[in-house]
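Next come the structures, one after another.
Below are two complexes that have subunit A in common, paired first with subunit B and then with subunit C.
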Partner chain A sequence: MDTFAQAIISGLVFGAIYAIMTMGLTLVYGCLRTLNMAQGAFGMVGGYAAWVITTDMGAPPIVGLIVGALAAAGVGMLTHFISIRPLVGRKDIDFEMTAYISTLVVAIVFSAAIILMFGARNKAIEPLIDGRLTIFGTVTVAWQQIAVAVVAFLCLGGLSLMLSKSRQGLSIMAVAQQFDAAKLMGVPAGRVYWVTMALAGLLGGIAGVLLAPLYFVSPSAGDLPILKGLTVAVVAGLGSIRGTIYAAFIIGLIETLVATYVGSLWSLPVLFAIIVVFMVVRPYGLFGKPEEERL
Partner chain B sequence: MLEVTGLRAGYGAATVLEDVSISVDEGKFVVVTGPNGHGKTTLLRVLSGLLPVNSGEITFLGERLNGRSASSIVGRGLVHIPQGDLLFVDLTVEQNLYMGAYLRDAWKGRRERIRRVYELFPRLEERRTQQARTLSGGERRMLGIGRGLMSNARMLMVDEPALGLAPVLVQEVYATLDKIARSEATVLLVEETLANARDIADYVYLMDTGRIVHQGTMAEFGEDVLASTYLGNSGS
Partner chain C sequence: MSETSPAASTRAGLAARLGWSKTPVIPTIIVVIVLAFIPLVWQNDYIISLLVLIMLYSLMTQSWNLTIGMCGIWNFGQLAIIAIGGYATGLLTIKLGLSAWVALPAGIVAGGLAAVIMVLPSIRLRGIYASMLTFAFAEVVRLLIIADSTGFTGGPFGLTGVKGLFDFLTPSWSLRAYFWLTLVLTAVVMLLVHRMMNSPFGMGLVGLRETIRFSIGMGINRRVQFISATLISGLIAGLAGALYATFYHGVTPSFMGLGPMGLLVIMVVVGGLGTVRGPIVGAFAVTILSELLRDTVMWRLVVQGALLLLVLAFWPAGIDGLLERSFNKIRAWMNVGQGGEEPAVAGASAAGGSAVAAAAATDDAPAQSSVRLAQTAASASAPEAAAAPAAATAAADASAPEAASTSSAPAAARPEKPKKKSGRFMAWLNEEDKAPKDDGAKGGTKKT
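Up next, the complex of A and B:
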């Protein structure tokens, strides 16, 4: 029973991080209609920025989180101008596929640049907060896990407020849903694109800094998160915002339950099996709509 | 207010509009009519900056609009309410309306604007928290028009507002457009069935195969003019 409770708790914590991470993928897919394969790299860069600021410069972890998120937002914007913007509106290419490849390549370049700058060795990073809270019996929660849950909750809450109320947020939703009408309302599509990529970077960066103390900061730290993010996106149905949150928790729970009861080596194969099953049985995911039309 | 002279435009190599000239004075209700597929919608898409101008001149309130972005044209108060509404279907009614006030100047006054839209369309206020996809056809049309009014519109270009509506609703929509033309903004209407706008149109342009073939006040538009165009023997 205690083991089960423990697995559920850490499943929910991972789910919360995946939700933030995948929300970046979802927003970009909704707005730009391409998969941004650099989403994991945003988290990796965020982790390094946080590591530099906390370990080298001795700043408190919360500052690391903020700096990591902002650095990743900058990298998100940079990715847009390097690898997406030059492709937008070109008639001679398949935008979705080309942008998918170019963002993947940019992610590889970022990893390589990080190796040149900081070396290939893993770096350990301090959690936001130390210690554990005992809930009952032997069930304990690390304060870090609670901090992650709080940060994730604030992020998702803030994001949903932004998307439903603010001028910029609504314009992201509008471009995703009805491109022509958004232009007729005066929305400059080009700006919405880079704002969305910066936001995706911000979310990726936050997820990266939250994951860093659980693993390490390393040049390949973005690889697993993007795989998990893609799994969540496949289960949710690409582009579905509410679906992304549910699916993130489902995947987080499955992952920790498999790791706890079957063995942690099995959690990735199970996730991949889920991708295959969904691709065959329900390619538009649990919450997506079959082949949404776009003008 | 709006002057279009010698406009040529189309999609890529396919020219749809040939030498179109129209003029709309402030406070008037002007209709562009003609059979389906003869360039009326294309004309509005060019005026709102969705399609480029090949040659000719567009001026609005004394400013040249050629080559301007859709966003800057809306900013000048020339607002296009597209055919088929093109709503943001997953957003709520209220969010759709606020999107209509996207530009910074309009955004500041959005709460006051939305009250006026709700006065014009009380049904939208009842449905304000519903997703646009749950609305009926008539309500969608109201939302499309209301969203256009949320901007600082000086002139509304409305494309086929009767399309797909029951006759009762068509009358309602036209009564509202008449009210808008008298109190809110000048209206340029594209309408295939001229009879719908019979009582409110000040001036009518008849468009056929991308050209203006006839123009005049409603009184000058006899049945014979319309019949000849719709029966396909205009110019013969």
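Up next, the complex of A and C:
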């Protein structure tokens, strides 16, 4: 019972991190209609920025979180301008696939650049808050986990406020829903593109900094999150914001339960088996609409 | 069109109409024979092993290009197929003690089967979804091998002690034997792929890639086409993997990781997606580039990635397309100089360029040359029917009516070999409007 409760709690925490991670993918897919394979790299860059700030400069962890998120947002914008902007609106290429490939390569380049700058060794980063909170009996929660959950919910709430209230957010939604109509209504699509990428970078960076104390900061720290983000996106249905949140928690719970009761080596194969099953049975995900052409 | 349609039923007639190039068997054999002397002349084992690696990479990229470039199936799990070929061969030689020569065909078959199993569920999925499914397949294979603690596949450390194909030779002769074997296999695979793409079957694949609804409407069976192409691609991948495992006497799951995948993606795209020579050019160029950066290993990926981004932004057709375009430009320029009849094929941009040249030339040259230039420019862009007359009229101001009449005639009568597969297909499509229906249907559906 205690292990079960523990697994549920850590599953929910991981779900929260995956939710903000995948939200970046979802937003970019909704707006730009391509998968941003560099999303994991944003998290990795955020983790390194936070590590530099907190360890080298001795800033408090919360500053590390903010700086990491901002650095990742900058990297998101950079990714847009070097790998997506040159491809937008071209007739001679398939934008979706070319952007997929170029962002994938950008992710690889970022991790190579990080190795150049910081070396390949793992870096440990201190959590936002130390210590554990005992709930009942032997079930304890690390304060870090609570902090992660709080930050994640703040992010999701802020994002939903932004998307539904602010001018910038509304223009993102407009472009996602109907590109041509949005453009005709005077929405600056070019700006929406890079704002979306910066937002995706911000979310990825926050997720990266939150994940950093649980694993390590390393040049390949972005690989696993992007794989899990893809799983979540598939289960949710690409481009579905509400679905992303549900699916992130489902995937987080499944992952920790499998890791607890079957063995941690099996959690990833199970996740990918889920992708395969979803692709075969329900390619548009749990919450997506079957809009894709299926001949 | 009427004079070509009787001949179109034969392959030669069809090939002439569609601008298929003949499979260059004789030149390839000559090149292979010339290259085969390298290890005898240049006694440098390091260079030879590097060349073997390039051949192996070009086999891998060729197999991948077949699905991702030719068919437009977003296959991002090709490395798993290659690794499955390698693991099958390795396990057979280690666990059953078979000779590598027996295990090699088994690896090829394993690759083909794995590819079909992987692509079967993704056939009905569109682009990005198929990519995620194949990606997930590859990850499942990789993680299952890593998670294997029974020692059957060697777990995260991989298989070691795989028998080589030429173990009975001394190491340096074994290396040379590998060089000759991979050289011949690369050439054979290239010829086979070339022949396949210049056939009704390949035309069907390109058609499915370019305009899927129209192709299905024409009666092309998508499943049969995709599964056959995937099978062929898997067989080549299995061959590459089996050769890799026997050459390096081992295979590790890290071979399926993101790093090698990035490397292969860079090779395929830099070489030229969807072309026959592209993968070989790309494998060669990228491997040479990494060797040049040998002293600064860390910069390798950064430089290669930057190269890919540049290629994507400026020459989406890759190095192969770039070479072909500049070659055609040079040829067009030489033909103009000699007053030759052979039209240049360089698309709309070249047409615009020639038009400008023609306008400049009118000062000293007589109007005749400007007419010829306009004619060349117009027939060059036969598929882009709208661009041709515009360029022609703009160029031949002085003798406008004559130029228009002479240039439009060859452009309509004879679509000169457009270069890209897509252009070729579009030419074929445009022809369909005027030609009787049964011809085109035969061309598209024969193999299904």
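Rule of thumb we're sticking to: the second predicted complex is superposed on the first by the 291 of 295 C-alpha atoms of A that agree within 3 Å, B and C clash if a C-alpha of one lies under 4 Å from a C-alpha of the other, contacts with A are read in each partner's own complex, and residues count from 1 in each chain.
The criterion applied here is as follows: contacts are C-beta pairs under 8 Å (C-beta built on N, C-alpha and C of every residue); 3 or more make two chains touch, one makes a residue touch a chain.
Because the structure is predicted, anything quoted here is derived from the model rather than measured.
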- line: Across subunit A, the partner (subunit B or subunit C) reaching more residues is C
Message: Per the contact definition in the header, classify A:Ser83: touching subunit B only (first), subunit C only (second), both, or neither.
response: second
Message: If we overlay the two complexes on their shared chain A, which of subunit B and subunit C does A:Met279 touch? Say first, second, both or neither.
response: second
Query: Which partner does A:Ile93 reach: the first (subunit B), the second (subunit C), both, or neither?
result: second
- prompt: Who does A:Val151 touch here: subunit B (first), subunit C (second), both, or neither?
  reply: neither
- prompt: Looking at the overlay, what does A:Val106 touch: subunit B (first), subunit C (second), both, or neither?
  reply: second
Task: Identify the partner contact of A:Val28: answer first if only subunit B is touched, second if only subunit C is, both if each is, neither if none is.
output: neither
Message: On the A-aligned overlay, A:Pro188 touches which partner chain: subunit B = first, subunit C = second, or both, or neither?
response: first
- request: Check the residue A:Leu227 against both partner chains and state whether it touches subunit B (first), subunit C (second), both, or neither.
  value: second
Message: If I apply the document's touch criterion, which positions on subunit A are contacted by subunit B in one structure and by subunit C in the other?
response: 295
Residues of subunit B that touch subunit A when the two form their complex: 48-50, 69-71, 74-75, 79-80, 82, 86-91, 95, 98-100, 102-103, 107, 147, 151
Task: Enumerate the contact residues on subunit A facing subunit B in the complex.
output: 164, 167, 170-171, 173-174, 177-178, 180-188, 295
- prompt: For the complex, which residues does subunit C have touching subunit A?
  reply: 72, 74, 121-122, 124-129, 131-133, 135-137, 139-140, 143-144, 146-147, 149, 212-213, 216, 222, 258-259, 262, 265-266, 269, 298-302, 305-306, 308-309, 312-313, 316-317
Statement: Touching subunit C in the complex, subunit A uses residues 34-35, 82-83, 86-87, 90, 92-94, 96-98, 100-102, 104-109, 111-113, 115-116, 220, 223, 227, 230-231, 233-234, 238, 265-266, 268-269, 272-273, 275-276, 279-280, 283, 292-295
